[in-house]
Amino acid sequence: EEITVMGYRGAFEENYVKAVIRPFEAAHPDIKVKYFGVQNAATSLGNMRAQKDAPAVNAVIYDLSVAKIASEEGLVEDIPLDKLPNYADLYDIGKDLDGKAIPLTYDTLSLIYNTRVYPTAPDSWEELWNKSNDGMVILPAQGGGDIQAILLTIVANRMAGEEDYKKNIRPGVEKLITVAPLVQTWEPKPDAYTLVADGTANISIGYNARSQFFFDSTEKRVSSVSPKEGTAAQINVISQIAKSPDAEATQTFINYAISPEAQANFAKAMFYAPTNSKTELDQETSARIPFTDPEKRKNLINVDWMAIGDLRETFLTAWRREIIPAGR
Amino acid sequence: MTAGVSARSTRWLILALLLPMAAVNLLAFILPMARLGMISLLESRAGGVLTDTFTLGNYISFFTDYFSYQLIWNSLVMSFIVTLGTLIAAYPIALFLHRVNPRWRNILFVITVSPLLVSSVVRTYGWMVILGNQGLVNGLLMQVGIVDSPIRLMNNTLGVYIGMIEILIPYMALALIAGFGRLDAVYEEAAATLGANAFVRFRRVILPLTMPGVLLGCLLVFVLAISSFITPKLLGGGRVFLLATEIYDQAVVQLAWTKAAATSVIVLVIFGLALALYSRQSRRYE
Amino acid sequence: MTYSPALGPSAVVEADPAFLSLSSVGKIYPNGYKAVVDLDIDVPQGQMLGLLGPSGCGKTTTLRMIAGLVPNTAGHIRVGGQDVSREPPHRRDMGLVFQSYALFPHMTVAENVAFGLEMRGISRRDARDQIEEALEMVRLPGLGSRKPRELSGGQQQRVSLARALVIRPRILLLDEPLSNLDAKLRDEMRVEIREIQKRLKITTLFVTHDQVEALTMCDLVGVMHGGKLAQLGSPEDIYERPNSLFVAEFVGRTNKFPARITGRDKIAIGSETFSADTRGRLSGDAVATVRPHRIALTPDRDRGIVSNQTNAVRGRVLRVTYIGDVIQYDLDIGGQELKVEHHTLSSGPRHVEGEMLMCEWAPADMFVYGDEA
Amino acid sequence: MIGHMSLPLKIVVFLLYLFLLAPVLVVVPLSFSADSFLVFPPESWGIRWYRAMFQHEGLMQALKVSLWLGAVVTVLSLLIGVPAAYALKRFEFPGRDFLMSVFTAPLLLPSIVLGLAILLVFVQMRLLGSYTGLVIAHLIVTTPYVIRIMATAFSTLPPFVEEAATMLGASPLTVFRRITLPLMMPGFIASAALSFLMSFDEVVISLFVTGPNVRTLPVEIFDYVESRTDPMTAAVSVALILATLLVIVVLERTLGFSKAVGK
Amino acid sequence: MTYSPALGPSAVVEADPAFLSLSSVGKIYPNGYKAVVDLDIDVPQGQMLGLLGPSGCGKTTTLRMIAGLVPNTAGHIRVGGQDVSREPPHRRDMGLVFQSYALFPHMTVAENVAFGLEMRGISRRDARDQIEEALEMVRLPGLGSRKPRELSGGQQQRVSLARALVIRPRILLLDEPLSNLDAKLRDEMRVEIREIQKRLKITTLFVTHDQVEALTMCDLVGVMHGGKLAQLGSPEDIYERPNSLFVAEFVGRTNKFPARITGRDKIAIGSETFSADTRGRLSGDAVATVRPHRIALTPDRDRGIVSNQTNAVRGRVLRVTYIGDVIQYDLDIGGQELKVEHHTLSSGPRHVEGEMLMCEWAPADMFVYGDEA
């Protein structure tokens, strides 16, 4: 039997194949797993729509907010939870869609900084607003459509004193408008981590997992920190694609993917926070994943990804019309 | 035409010769354009799922959104400036090619249009290397000491202009060179003997005679500029919102096909207007 | 070689006998080619000089130097006594009609004609009358709103002439203006151009490689050869008294024989002897010419003696070619071929192949040149 | 002298050429950087990124796809475009001018619109991300060029040579084989070269049509530039520029590049 | 209007007096234009027919119908008695020389010439001698390996001729083969083509709009006008006995006057009366013509009487134009302008403007036509 898993390409693909798929195949010699790398979650959704009636892919790893759309369109299978014994051990965060989208990794929005500019880690988001960083700030926003932009809005909202982003994001938007003039680029090429590492910029927002990867590959020129005001998590989930063949094997794989073993392996490789509470990590790895710190977890802003879909337009509009233009 | 072929068999022959082309054209041009128009009139549910309901909603939401006008304005301004820029840059090149002796003309012509054969992605990458904070220009400027912190040459509209103008110069040059065919030195000489100095000769003879090429080049570059999104995406720093980048985002990132289709139709309308303007102007210079 | 009025009967002394004056003018092109060498030409005010010569002899170069379109590399070009050699073309005030007409394709006929007036600061409104007048002069009234491409070749030619004339230039320069027209139109335009030129009394230089054009239209004809002036004189000077074999052959058709000078005004061609002006030479090799239509053919009366009144030689008809207006006989005269052309007659004797005839011509019709060929 | 070039014009033109060629020229030294990321001028030198390029599986796979695609598209473009051009130039029939405009319209149409429109149809026909889909999408880009070039070639065929051959006893087929075809050769070569280059270079439409398993080189490079700026892109660029130069030189030798690209 | 040998003196009866025969041939183009109407022409075997006429009169159409390149829409085209009207061109076995030569640019000269032989299944090796012979015939031996673009216009023309001749076609068709050549080369090629045609005794149709070409080269001349055959006959028939005003004006130069027929062979032009063949008409309006060079000018001897021997009228010289070989007088004869052309003489009387002269010509030189113009 061969199943196909679709997911992010690049380093994610490399490490996922190494840390999860190969061990799985070793443990299940009868099942072969092929990995299809795609650009982003939206691409996955596009492919799922295109192959709606005859899917060539069995499972998909993507973002929870996109998973919501997919589930509404009936593109994913609702896996009976009894087929996934490991499901019960997962944290509650991101379980909104039950068997239709199983939390696979957590990641947190972090402050990315150049270690030469900041010999000691800045511990506040306010550092983005520091005038001495004029022109050296990067905010990857994709015109406001990026999850990082959404998360930063929510964080800024809290900083401005408004905890409930569903009710009102004006305070956050106003706050972000004041950072815009300092921003060098809203769409870093190739990515914020590289530009911070090579000195093109001093500071940025980004994900913890990727920054850890760059920390290792750039001789520690770039590092990340989870600031004291708290942060929010991004959640990757895995879904079984509706009408795809080999349901049994697919579910076997998904169950393995959320097992403590697989979670630990991948966390070690990529520094994504495990979703399985039973996962055991060594001290060194754990130290580099803020999510595993109970203290930090407490300070986490709880994002209702099921509501984001409806809010997205509001966020997007604010970014496009107010925040980004304010920086010109 | 050779005698002895009956009209009937000629008809079948013509049909057979045209059929494959017609099929490809139908499949990849006519049908897509029809579908584009149709989808722009369909309603979509949240997340971009298509329904079967017809609606003007996509257009209404486009035209009731202030941001749309911003997009149109940005696109028009950018295309206009880029067109003008390529014209100003390509005109001397075309004039030079027209006047240089034939031995040099061929090699210079090849140099002029050869960038066309280098992927625009590669050339945009080259501009990233040149214009970046750590790039060639800033490196030189800082080394010489003219500036002490990098000046921003990309991640803004300036970068997009520079890249777009450079990438589109060959197209403009091609059109101009074709248009320069009408320019014979004898007209300039005639003007001179009638008392026209160099400036008047340029304004009254050279320019009007090359106007058909200028107009064609402007149309070509305008259309290419208004539909380009790779260079704006790579050099714009997320600041440059254009119809083309919007279509790409809507279609590929947001998967909002109905919106993307409606935006595309708007681009087509602008394209049509440019075309109409072109044919009106070019008739004046025929 | 300056033209002196004494040489030709039709040269008229006008107000200024050297209104347009070229002295020692030369042109070496950047590639080193000597297109024009040491040219001396004076054109009297109001007269028309035809510059005649084979292709590549430097006619156009001469004209373009006068216009200022190419700089002369030697000598001086003067207009009304004033050296214009270093003036740019747009300040020389000359009208130039190009072989290709060079009408501005993007302007109407009226705009074309108006251009030169505009350059002189005359407003379009004031220019209107002058334009209409110029178009009337070339017999194209009312065509002002057409574009050049909507005109026939002859009409374009006229517009081009009107455009050059409307500014009343000091000098009119014409570069083979008729060579792109068909025969009929060429005949018409010849007469017209000459009439306008005479009426306006405009000093004109007319470049052509067509001898008929030069002979019929011009007061003076200059024959060029290899960048040099071979002969300058009235049309009759050139045709009736060519000063070189080149001119004799280039202007009009001619028979050409290798000859020996045997004495004062005596030459021998093969075994026959003839009278002809040897210009004082008493011996040596030479070339003799006689024009085909100057030879009379009479029945063979066995009168092969040379008198001072006439040259006569016996010939056998080799070929008879009927060309309508003209009949052409090729005769064998002692091994040489002699071409004779006569107008055809509806009645009267017609010679036939093989017939023996006496060929006679006046000594004045025979020219003798040094063995140049 | 009139119609000649002044020194200021020469200087301006020199600077313009410098501007025009700058991005192509700058990638050459950069490709020999041994740095891990993009710094100009490079801090260390080497051929590290050329090696990386050949080891990059996605890139090599995409190169293969693009080469294959270019070849197939070129052959098909000629097979489809040449007969159409012949019919349009050699026969008089109603709707001829209309067909000519329809067939060459994609040439002028904004590619982003065309790309999206093709995506919308191909998603229904399941042609997305398939080789068939890519080939068809590229054909709509290349065939207008073929038709234009060949239409010109057919109408600039020296007049009467075909009739001359007929008069010498050649049957219509022989005339086509011995006269028409050989005289069309420059047109064929120009069409083929342009088709290949256009297909090999096409990125906008490909971006819409490529799928996870079928990616063309320009799309791969675009993704790469979007996600990484190590000097490998420079190495790839130099390789592509060299390949293009080779094509130009071969073309110039065989028929004169200017003729191939010019109208 | 079938040509009958009895009509003209130079028509020679050959083996087949109608080897190439067009009977009632017509051509209506698809757009409805009647390019050729009811054409009857017979060309005797081995003879050369010149088809002469103004532009657009249907000459090329006629030639292309004979070649089979356009189908004739009426009548029959026969070669050696056999109807070929429905044969495709590649089976008609005719040689066609195009005005633009139409050499195959991708083949060498030898390959061009070999093409027709190849089509006849003759191997390249066997063909070699024939090719070399054909190239020698057109005086281009040894140029076989050149490409057409490496040849001058005249050389290309010769290759084109060799290519058509090497297959020894039954009929040779020439469509203005000389019109792209310069005057000198044209003269040469005229003689050459005619000599080859005579030597090979090849039945030839020669299309031209140049009367000199038609008159000098051809055994027979057909003058076309508006798709119809105006006259067919020997060159002298056409020139000396034009059957219509159109032919009289088109072939050769002529004076043309409005006239009234006043009696048997008597006409009046203005107040003057003249003798001329009125072809039996006794009254009515007409047009009279007389050729300029057939008019003699004599001192005014007050002899304005019409005799049957000569026509004479008094005229005043309006204009004298010197053209080298020829001198042209425009005279006023009672309000009409009369053009007279004579060969120039070096000595003897030269008339001047204003002089009164007697103009005389033979009644046989005056033609009278119905008032067609």
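Chains here go by letter, A, B, C, D and E, matching the order in which they are written, and residues are numbered from 1 within each.
Operating definition for what follows: a residue touches a chain if its C-beta (ideal position, glycine included) is under 8 Å from a C-beta of that chain, and two chains touch if they have at least 3 such contacts.
All figures in this text were calculated on a predicted structure; none of them were measured in a lab.
Asker: If each hop has to land on a touching chain, what is the smallest number of hops from chain B to chain C?
Answerer: The distance in steps between these two chains is 1.
Asker: State the smallest step count from chain A to chain C, taking one step as a move to a touching chain.
Answerer: Shortest path length, in steps: 2.
Asker: Counting C-beta pairs in contact, which chain pair ranks first?
Answerer: B-D
Asker: State the superposition rotation angle between the two copies chain C and chain E, fitting on C-alpha atoms only and giving a multiple of 5 degrees from 0 to 180.
Answerer: The rotation relating chain C to chain E comes to 180 degrees.
Asker: Using the average of all C-alpha atoms in each chain as its centre, how far is it in Å between chain C and chain D?
Answerer: About 57 Å separates the centre of chain C from that of chain D.
Asker: Would you kindly tell me how far, in whole Å, the mean C-alpha position of chain E lies from that of chain C?
Answerer: Chain centroid spacing, chain C to chain E, equals 29 Å.
Asker: In whole angstrom, how far does the Cα centroid of chain A sit from the Cα centroid of chain E?
Answerer: Spacing between the chain centres: roughly 94 Å.
Asker: Let me have the rounded angstrom distance from the C-alpha centre of chain B over to the C-alpha centre of chain E, please.
Answerer: Taking the average C-alpha coordinate of chain B and of chain E, the gap between them is 59 Å.
Asker: List, in ascending order, every residue of chain B touching at least 2 other chains.
Answerer: Residues 2, 128, 132, 134, 189, 192, 233-234, 252 of chain B touch two or more partner chains.
Asker: Among the residues of chain C, which ones contact at least 2 other chains?
Answerer: Correct list: 69, 89.
Asker: Two or more other chains in contact with one residue: find those residues in chain D.
Answerer: Counting only residues that touch two or more other chains, chain D contributes 2, 38-39, 163, 166, 172, 225-226, 229.
Asker: For a test of understanding, state which residues of chain B touch chain A in their complex under the given definition.
Answerer: Those in contact with chain A are residues 46-49, 66-67, 70, 128, 132-134, 149, 152, 155-156, 233-234, 236-239, 241, 249, 252-255.
Asker: Tell me, which parts of chain D touch chain E in their complex?
Answerer: Result: residues 158-161, 163-172, 174, 178-179, 182-183, 185 of chain D touch chain E.
Asker: Help me check something: in the complex, which residues belonging to chain B touch chain C?
Answerer: My answer: residues 182, 184, 186-187, 189-197, 200, 204-205, 208-209, 211, 285.
Asker: Once bound in the complex, which stretches of chain C touch chain E?
Answerer: 211-212, 215-216, 235-236, 239-240, 251-253, 291, 293-294, 321-325, 341-347, 362, 364-365
Asker: Over in the complex, which chain A residues touch chain B? Could you list them?
Answerer: Listed in rising order, the residues of chain A that touch chain B are 40, 42-43, 45-46, 49, 69, 72-73, 135, 140-143, 145, 184-187, 189, 198-201, 309-310, 317, 320-321, 324, 327-328.
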